[in-house]
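Naming follows writing order (A, B, C, D and E), and every chain is counted from residue 1.
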Amino acid sequence: MEISAVLFYVFAGLAVISALAMVLNVRNTVAAAMSLVVTMVSIGGIFVLLDAYLVAALQIMVYGGAIVVLFLFVVMLLNLRTDDFPPVGLRLAKLGGGLLVVVVVSAIPRLLGGVFPEIPAAPTGYGGYRALGIALYTDYVLLVEMVSLLLLAAIVGALILAKRKID
Amino acid sequence: MVNGATEESVLRLIPLLPLAAAAYHGVMLGLVRRPTPRTVTIAISCGAVLASFVASCVAFWSLIQHPNGSHLLVDNVFSWIGSGVGVHAFSADVAFLLDPLSSVMTLVITGVGSLIHIYSVAYMDDDQRDDKGFQRFFCYLNLFTFSMLILVLADNLVLMFLGWEGVGLCSFLLIGFWYSDEWNAYCGSKAFIVNRIGDFGFLLGLFLLFSSLVDVGKPAVEFQDIERNLALITEATLAVPEWLGGGEWLLVNVIALCFFVGAVGKSAQLPLYVWLPDAMAGPTPVSALIHAATMVTAGVYLVCRMGFLFAVAPFASMVVAWTGALTAVFAAVIAIAQTDIKKVLAYSTVSQLGYMFLAAGCGGYTAAVFHVASHAFFKALLFLGAGSVILALHHEQNLENMGGLWRRTPRTHVVFLIGVLTIAGFPGLSGFFSKDEILVAAFASEIPGHTWLYGIGLATSGLTAFYMFRLHFLTFYGESRASADIREHIDEPGKLIIYPLYVLAFFAIFFGYAGLPQVWGDLVFGVDNSNSLANFLMPTLAVVPHNQLDHTTEVWLAAAAITAGVVGFGFAWFFYMMRPQLPERIAAALRIPHQLLVRKFYVDEAYDLLFVRPLVAISDRVLFRVIDVAVIDGLAVGGIARLVRATGTNLLRHAQSGFAQTYIFFMIAGAVAIVWILLR
Amino acid sequence: MTAVILGVVVGAFAPVITWIERKQSAVMQDRIGANRADIGGITILGLLHPLADVIKLLSKEDVVPTGANRVLHLIAPVIAAVPAIIAYGVIPFGSTYVFGGETISLVVANPDWGFLYIFVIGSIATYGTVIAGWASNNNWSLLGSLRASAQMISYEVTMGLSVVGCFLVYETLKLTDMAMAQDTTFRVFGFVEVLFGGELPWWVSQFAVLPQWGIFLQPLGFLMFLTCIMAENKRPPFDLPESESELVAGYFTEYSGMRFGLFFMSEFIEVVVIAGLITTVFLGGWAVPFLSQEWIVDRVGNGFGAFAGFGDGFANGFCMLVHFATFLVKVVAVIWLQMALRWTLPRFRYDQVMDLCWKVMLPLSLVNIFVTAALVLLLGE
Amino acid sequence: MGPIEPFLLSFVTFFPLLAGVGLLLIAALASWIGTKGLPDSLWKSVGLASTLATFGVSVRLFVEFDATRTGFQFVEHLSWIPEYGVNYFVGIDGISLLMVMLTTFLVPIVFIASWDDIRESIPTFVFFMLFLETGMLGAFVSLNVFQFYLFFEVMLIPMYFIIGIWGGPRRIYAAVKFFLFTMFGSLFMLVAVLVTYLLHFEQFGALQFDLVSTTGESKALLDTVIPLSGQIVDGEPVVWWKTQTWLFAAFGLAFAIKVPMFPFHTWLPDAHVEAPTAGSVVLAGVLLKMGTYGFVRFAIPLFPVAALEFTPIILALSVVGILYGSLVAMVQTDIKRLVAYSSVAHLGFVMLGMFALNEQGLNGSVLQMVNHGVSTGALFLLVGMLYERRHTRLISDFGGIAKPMPVYAAFFGLVTLSSIGLPMLNGFVGEFLILMGGFLAHPPSAAVATFGVVLAAVYMLWMYRRVMFGPVTNPENRSLIDLGLREKLVMVAMAVPILWLGIYPNTFLLRIQPSVIELLHQVEVRTALTTLPSTEDVALLAAADTAADPAADPNREPQP
Amino acid sequence: MVPIEHVIALSAALFTIGVGGVLIRRNLIVILMSIELMLNAANVALIGFNRMWPGIEGAPRMDGQVFVLMVITVAACEVAVGLGILISMFRNRDSVNIDEVNLLKW
């Protein structure tokens, strides 16, 4: 097995385990968040393995660096006592969750069936910021603009929501 | 738009002058704050009607002088309603037709109308109302004159309908002139609504006629065109729906009956006569003009105008005759027991109108028109005389409180007596001739049961004499029964009241000679073609085949009529002059029949119970409360709403728990389901 | 191999910097500074102080406060220190040199997306402080880490944007390429020719020449980057998360021993990293002003080398040494700058920090990007 | 006027809204620079002025309308979303001309009438009225079905607010009811519109919402053959599916609710009773016409066979509506509710005439739409004037009003009579033509409907008598003030069309006539078009078309 | 490199874990994090598929990665707003327990 494959499984395992840790850690929200960071970073590693360098960097920067920090920030801001959150009492939700797990787990072997061809070699520049930038600012420029608008809206919205008093 | 003036253009002046006056009054009343001075009101109103009368005379003159001898003038003013092209084309013009029939009517309307306008000046002057009310009265009166003139001058059914409705409206307005009185307002709207029922028939007839003419490709609403094309549809039949017994009716019969329903409503015949007695709530000049002389004769006019239709519709004619006869006797019987001076006259009017229909139904259109005209004079005379009496007694209308007036109001007494004599059929007066014509027509007609009709007519004639003399005796003779303070102030009304009475009395006496029946022309006066009115009218009126009577028979018939009149007079004299206390004793003895008479056979009450109340009750209780509110809004609309709400509250609410996770669960479940289906 | 060298160098550097800091503050405050620690009377200008500190820290008890989250508490300093150390990985200490057939690059890792790596590391670095503060079960710590996280996230944005101008100018994210691009000169008024045509007088073109360093091409970017990255490092005047007078010691109040030392160390390591980065991006990296690598290799190899009979290998080796020395000089200069700033400026208030970031620097950095982009387009570089 | 010459119709349509929006902007500007917005009187005056201007321009339309020509005039056709056949397409024929005139005439009147009536949120009111006017005009002039639907729905918004904000005590209920009723129907219409649109696409391979084509070559919805039955699914004809019938039913439901026809009428009394005077007038005067107009313009020409199929039902419902509306109106205790029910009866007449499907009936029907707008509008205005004075509308609270308010009584009388259908006033002409047309088409129902004329007199006069006549029983009524100058002006303005339409209706009939004939012609042509080839033939034709034109593949996604 | 199926399997696993987290946790913060996880799972798949069809030499195809960028952006927005809501919710009811919030039914 080549090194990248090994790394992939390592990262994948890490991601899944830490994701599970996040979901199942009912005692400690911060620990859950830290698990999420691990997942994010692992996913970032997988991105790198898949030759998506810029995305990988952004993945870690945005998820790891900003989003989860925000989560942590909020957790700390609200000073949440972590033992207050046992899993939900809703049987329906639990049932649904279980069912889903069953369905997906049963589907995963089918997914591993190998219907797709081998992954081809990536061309030069694949996943780099140049190629991505060109794609972003030519084919997807409208999308970028829309998303930037969305961001603006989110900024304003978050500000208004989080402000104690609108002045 | 408006067609240019020609020599016929004088026709348009006849109705437009009163309209202009009415419009002037309307604008002044509605939009100008200051009341118009009475003199101006009088000048404009009476001036307009008088001018209209003059124009009528001119038109009449030119009709007589008409060179081509077609005996009609047509003034087409403008196209009123135009719709459709080709075979469906419908066009109603504002066009006036002056033929002998309408010219007679026009003259009567404008002539009698002018007199009554003048009379009203005095009559309403006495009325202690403001100038606005005074002007309003004349506005309505002018408007009425206009409508009535439109009615008679119209050259098509639609325009006639305009007048037809217009007079109904004016009648409504004038009956309810003193609207502050609940009763007056009630009577006014009653008149209008009952008239509307008649109009329903008129419209049905009109539509039926038009559509049948469309079927033969000759759509028209003009009288002349209808007459010309009527032959095309005389054979047509109408399939009768099963629930009416099936079979087929002659179309013309149906059409004619529809029109007759209109006439019944307008002319207060059985069963729609109920409004006319109540119409007496209006001012007396109005009763004279509208509810005696002109408007109520519109039905007769319609039947005569459509004579060509009725002539080919024997069944309808029979119905007309019988309705007329029955109404005549029915109303006469009721009149016997009435104690309101105007009510008596009103029932007498109904009765006289019945006469006219009897004549028309029997094919005696000339007689009908003759009686229309003479009735206009003597009934207007009677009403105005009654008005004079009422004024003299300071608005006292009850016969119980009159009596002995002849000393205080001798002139009124005389003219009233002339009126009474005329209506009672005193030989030589116009009423005698016209009534005689009718009885002759009934006797001579070929419709089934015509002798019965004659008999009824004759009996009615006796009854007429009886109740009219009763009225006269109770009013003018005997001891005064008025209260003391009124008795002090009984005075002969002024000149403006009396002079029109004179004029009318003159016509009541002498008008008969315009339509002198041939028998008297031959036997008494030795004149050929004595019945100039009939000769004049002949070209326009339909001719119905009837039995030819010889002069002997006619004289016998006249004698019978005179006898009936004398008998009626005799009874009246006996009961009210010789034994004034006797009627009360009879009334006491025959309490139930008497009560029946006094209460007019409880017809109003019956109508109220049979039609009005159930209709209101059903509308309110069933249609509105049940169907509208409960069923449609409550069950259907509200039901849907409740269904939706129930689905929500009982079923979907649980899905909408507000817990985000439940929603997510459903979302996920949906997604899983879709994936499962796709991967299946 | 370079990685090992680097590790040692860096590991050694941090304690030295504490000494530098003390000494420099002493100089600035007109006192002697650390000079007591000695081994047998030898003080070596107080250079033994760092050594003593390390020993002291290592020998102290490692306390975990009651009610604290033990695992996180223990792991937090490591999280704080590791990113700082590995950030060195992409900073080039020198150019690429060819010795015969072998090419030596004085950089541990040289990915195409080098600068992104820095950002990534920078963003991960936040966790150390945040976790530390939270896991200490101490209100001051919590407040400190709150401040830290907010401050770091905020400044990260501006930091990223402030160097975008450089990216535009160098058209690369690769740090070696950036340094390489600065190994040349540019005519200060050259833009006049491009914009207005014509030619400048020869003396202007000849003498008005500067090294094509980032600091000259992106002066605003330099200032902002410096500010931001110092704020990222939470050093004064941005040391609000650990401000003694308010929060005792902020997020690491509850730490002792070597774990405290790790926080301490990571801060100083970062100072070096910052210095390296700024040097690389703005100060021409290893480049000697006005003397490009080719020039040195050419002159040394073909001039002195040829004269002395040394080959290209010598020229390259010489050049490498020169470059490394240059780099060190520049780094030290930047470290000095940071120290000087620390002892010069008072601490900001928290709202001032945030205002500076969001209301001043962020707009400015955006303006900088636009202006740079426009100039790049116009001058067609 | 020069530059707007080619856009007269658009100008008429959008000027009110533009004025409203302009006012809004100026007001926003004004409040931004620190004033307290624009004064209410300015809002009202500008609103009135702009509606008057609109009326002025529409008069020009009326004058310049070529009554000798069939087809649409003042046509403007601009591409909007051409890929989907959504165009800005306006034009008027005689029918819509009258509707436009009615609208532009009524709105300024309403403005004047509610000058003092509306006291709160005047700017909002003015804006909504202007918005409403544009909505209504837009629907009348639209020749693109999509655009029509848009306006048809947009209208609801201002009306909803007008009822909901300035209405009576149960205004919210009424507004919601009004909204839901209309919406319920119009959604069916939307589906039907889309089906028609896709049928068109199947047949011609082009997406087109235009009702008629602007040029000879291009095809529009009216060229589509709407199959009578037998949508083929998997080769099997579906027995219960009758395309045209169902489509007509969907259109018909939408319009029948709007009209409103008999069983769908219950929103109307509530909406009227609760709406402010302005709302009632516009609702009765114009909005209801949207339903009848929809039938004339869309439902009948598009689905003529189905229309004929439905004629018995619609005639029956119309007749029931006439009698029912009249009888229920008779027993109402609230004047406004009475007038509302009378609207049901009147519109029954309109529907009767329309589905007589002959010239008289249609002419009368269109004319009656105008008549009803004017008469009932005037009635609502009058009721509003009374309500303003006494704040009650119960008949029992009144009596003898003619004494203190003679002029009011006179105008009320005039309008009442016009509503009754007295000849020489407007109501008569329409009713007469309708009944005549009805008689030519289906005598029994027309005969029964004629009885409605009697009932109209009953309920209107009864109400008139109870309100106006008799002694003044209620002391509060003794001191009522008669109409002021403004109110007189309003009523005189209303009286003008009442008399004009009654005395010389030919002015209008002449303009309706060609359109009606054209409509009948269309019905004839399209009936022939639909009935001649059997379903299989249509399928064959479509198949032939498909072979010739690959774009006409029915399975293809509708794409530009 | 591993077969693409494994990448997809990873994506599916992560997604499922995310869904499970959303379903079974009561802490709104963790739920938000689980949502992030789900988004990331999608990102993994996108990146994987993009890698599957990377384009040709000289013209790399980056569509999947572009989408991932967008997803990341949207995620950032979502978190910003979500946390804002969360904070205001906490302010109002002193809890971030999702069981206690059922205002969604109005």
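We adopt the following convention: a contact is a pair of C-beta atoms (placed from the backbone, for glycine too) under 8 Å apart; a residue touches a chain by one contact, two chains touch by 3 or more.
The model shown is predicted, which means the values in this text are computed figures rather than measured ones.
Touching chain A and chain C together: no chain. Using the mean of the Cα atoms as each chain's centre, the chain most removed from chain A is B. Comparing the centres of all chains, each the average of its CA atoms, the largest separation from chain C belongs to B.
Innermost chain of the displayed assembly, by C-alpha centre distance to the whole-protein C-alpha centre, is D. Of all chain pairs, the one joined by the greatest number of contacting C-beta pairs is A-E.
Averaging Cα coordinates per chain places chain D and chain E 52 Å apart. In whole angstrom, the spacing between the mean C-alpha positions of chain B and chain D is 39. Distance between chain A and chain E, defined via averaged C-alpha coordinates, is recorded as 5 Å. Between chain A and chain B, the centres computed from C-alpha atoms are 94 Å apart.
Shown for chain A are the residues that touch two or more other chains, namely 54, 58, 66, 70, 75, 77, 88, 90, 93, 96, 100, 107. Against chain E, the residues of chain A that register as touching in their complex are 2, 4-5, 8-9, 12, 15-16, 19-20, 22-23, 26, 29, 32-33, 36, 39-40, 43, 46-47, 49-52, 54-55, 58-59, 62-63, 66-68, 70-71, 74-75, 77-78, 80, 84-90, 93-94, 96-97, 100-101, 104-105, 107-108, 111-116, 118-127, 131-132, 134-136, 139-140, 143, 147, 150-151, 153-155, 157-162, 164. The part of chain B that touches chain E in the complex is made up of residues 653, 656-661, 663-665, 668.
The touching residues of chain E, counted against chain B in their complex, run 19, 22-23, 31, 98-99, 101-106.
Within the complex formed with chain C, the residues of chain A that make contact are 28, 30-31, 34, 37, 41, 44, 53-54, 57-58, 60-61, 64-66, 69-70, 72-73, 75-77, 79, 128-129. On the side of chain B, the complex with chain D involves touching residues 1, 26, 29-31, 78-85, 88, 90, 132, 158, 161-162, 165-166, 169, 172, 176, 179-182, 184-186, 188-189, 192-193, 196-197, 199-200, 203-204, 207-208, 210-211, 214, 241, 615-616, 618-620, 623-624, 627-628, 632-633, 636-637.
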